[in-house]
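Right after this note come the structures.
Both complexes below contain chain A, partnered by chain B and then by chain C.
Moving on to the complex of A and B:
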């Protein structure tokens, strides 16, 4: 059943979109991830323009993370002060990202740049994940890597605040920078950025793991909603028909995946997730070097 | 009761994050002080679950464990102050109810489970509700339910 997507300006099979939503929702429930890094490339491969694919990816992460942040905040696992600082950085980063995106679209480079970002970031993340889980599978247990030394240059920076819940007294500059970096990735790639945000919060900022998950989800929810709103407002790239169809599949898929996810062993799941991330990177890399079917594309003038 | 077995009995107290656990702990300590036995403290850790990175998951588990050790260490000092003896410290990982039931089935030292009811009118709390309801047939030791509102004097009187 073909439906016309008014913003993406193309016709797509509605069942295919529901199916993609279901698959992405299933995998994100299974692995406990947002799923933006799966949805955006899937839509790109379908031929949906990059701005629309990225906005839909951010929207998907928003949906997947909202129930998580509510559950975590009920259990008191969100450091709101740290969350607000990270979000402030994230908003700044995503505004820069959206501007960059608008500029690239004008220059007709947006599809290539989105793909390059994906290849570099997912290639790196995926290789690290596979290596880490292979090591852990071989030894049958994972060592907790040591945190960075208690005091280094970061702690000499000004504007220190007390983050009571994180038991930290540090400058706001590092969390602002971390937030901004993730916000930029969120705007350009349509991902939540939990992959990088969580390790950065633990190893760089020294936040206790108990509050990391909840606080990172809070940042992701705020930044992805900002990205979705800004994409709709500045780029006009949120397609309501597309979003609804994806959501329809996504909600049921996520439930199904989360139920299955509880029964899987951590190490194997993580290795699979790493391979999946690498596969996505490889697919987009192939898209970059392969000779296109159409040598020329029409830009928006 | 022969003196020997009285000294060997163990009062198991579940250390969760509820406010009423203090009442259960005080009750168990006073019972031990007045009529012999030991206190055992059980803390059930939430499993690390799915994390993107194995290192993050391992660190999470490690930090939860050391936090639990610290908590139990502090409570053990309280127990020693009242009873004069060190409690048995137990840390397990998983679902609180399942781990509690498994422990009571596995550990022959445990003689009695002490739980405190939650204040308010929304029921006595999930553990008591489960152990007196659907899972009552899996209990292998008797259970004492301490009302939450008991004051220190009242606890002294009933123990």
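Moving on to the complex of A and C:
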């Protein structure tokens, strides 16, 4: 069944979109990630224009994360103070990202730069994941006693705040910077950024794992909302028909994936996820270096 | 069948009314609605002449022009082994849709000066550009537009019946842009334009998709807020409906 996407200005098979949403939702439920980093490349491969794929991807992540943040806040797993600091940074980063995006679109460089961001970020994150999980699998027996967190230069920074729920007394600068970085990626890649935010919160900021998921989901929901509104406002690139079709598949897929994910071991899961991330990066890299069929492109304006 | 009836009706009225009118032309419709399921359409251009047309007589040319829009053509360049959009040429105002057809190709019927004046032929279409100057950009615009079916030259000839009736089908692809279209029908004899008729039709987007596109353009901030609310609501509802534990 062909459906016309009013903002992307093209006809796409509705079942294909629901199917992509389901597949990405299933994988994200399985691995416990938002899935934006799989969704946007899938849309690009489908021929959806990059600005629409990114903005609608961010909008989809927002929808997919809503129920999670509600559930987590009910269980009291959100550090609201930390959340607000991360969101403040995230808003700043996403504003920069949208301006950069608008500039790149004017120069006709959006497609290439979005791909480069994906290749660099996913290539780096994927390699780290695979290496780290392989190392963990190899010395699974040798369990080192974990400390609450390590102290290093970061803890000498000023503007310290007490984050009661996270049992931390640290400067607001690192969480602001982390939030800003994720906000920038969110605006340019159409992701929630959970796959980078969660490790950064655990290893860099030292936030206890119990509140990491809830707090990061809170940041993701707020920042993808901001990215959605700014993309609609400044770029006119949010396709709500596309978003809703993807969500229809995504929400159902995530439930199946989560059910199955409980049966996988942590290290194996992370190694698999790392390989998946690397595969997406490799595919987009090929798109960048492969000689194009048409040497000229035609665009409006 | 519909075509024959229309032609007969037209012939009848033309014959009864003003016998001195050298050229009468009409369109099968003056409105094309582009809905969510639109996958192209065609308009019939038809009419009659006072004098005989076809071999040995006068000839008919039909040129259709859509709304003027700006377009940018970019050439890919290789930097560090990767392909980027490089130099570009901007065409400030070229027709988003253009079609020329005739009982014979326009270049066989009229001198180039007249063809330029009436924009008869892709080679005489005014395409002022800024930016990169190389002729390949103009050639690329021509070939990309033709591939998309948005610029057509003699894709289907104008058919003649009974020496005084003519008709031609104007195919409109699924990607036809909304706006006002002008259909100019010319009667040509001895390398001169002896009569001319102008008809117009409108391409309009209708239905939910058109409403969404309108809100997104007219009220972008409100549209963004609605997108956030709808996605959050859909995600929340979906998680309740599909809950499996």
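In the analysis below, the second predicted complex is superposed on the first by the 285 of 301 C-alpha atoms of A that agree within 3 Å, B and C clash if a C-alpha of one lies under 4 Å from a C-alpha of the other, contacts with A are read in each partner's own complex, and residues count from 1 in each chain.
As a working rule, contacts are C-beta pairs under 8 Å (C-beta built on N, C-alpha and C of every residue); 3 or more make two chains touch, one makes a residue touch a chain.
All values reported here derive from a predicted model rather than from experimental measurement.
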Given the touch rule stated above, what does A:231 touch, chain B (first), chain C (second), both, or neither?
second
Which partner chains sit in contact with A:70 here, chain B, chain C, both or neither? Use first/second/both/neither.
second
Output check: A:59 vs chain B and chain C. Expected answer is one of first, second, both, neither. What do you get?
second
May I ask you to decide whether A:270 touches chain B, chain C, both, or neither, giving the answer as first, second, both or neither?
first
Mind working out whether A:291 is in touch with chain B, chain C, both or neither, as first, second, both or neither?
second
Counting residues of chain A touched by each of chain B and chain C, the higher count belongs to C
Of the two partner chains, chain B (first) and chain C (second), which one does A:199 touch, if any: first, second, both, or neither?
first
A:6 contacts which: chain B (first), chain C (second), both, neither?
second
For a test of understanding, state which residues of chain C touch chain A in their complex under the given definition.
35-39, 69-76, 81-85, 88, 90, 136-137, 140-141, 144-145, 174-175, 208-210, 212-213, 216-217, 220-221, 223-228, 230-232, 234-236, 238-245
Spell out the part of chain B that touches chain A in their complex, as residue ranges.
48-64, 67
Which chain A residues qualify as touching chain C in the complex?
2-7, 9, 11, 59-60, 62-67, 70, 107-109, 111-112, 116, 221, 225, 228-234, 236, 238, 240-241, 243-244, 247-248, 250-252, 254-256, 258-259, 288-292, 294-301
Sites on chain A touched by chain B in the complex
31-33, 129, 132-133, 136, 141-145, 147, 194-195, 198-199, 202, 208-210, 212-213, 261, 266-267, 269-270, 273
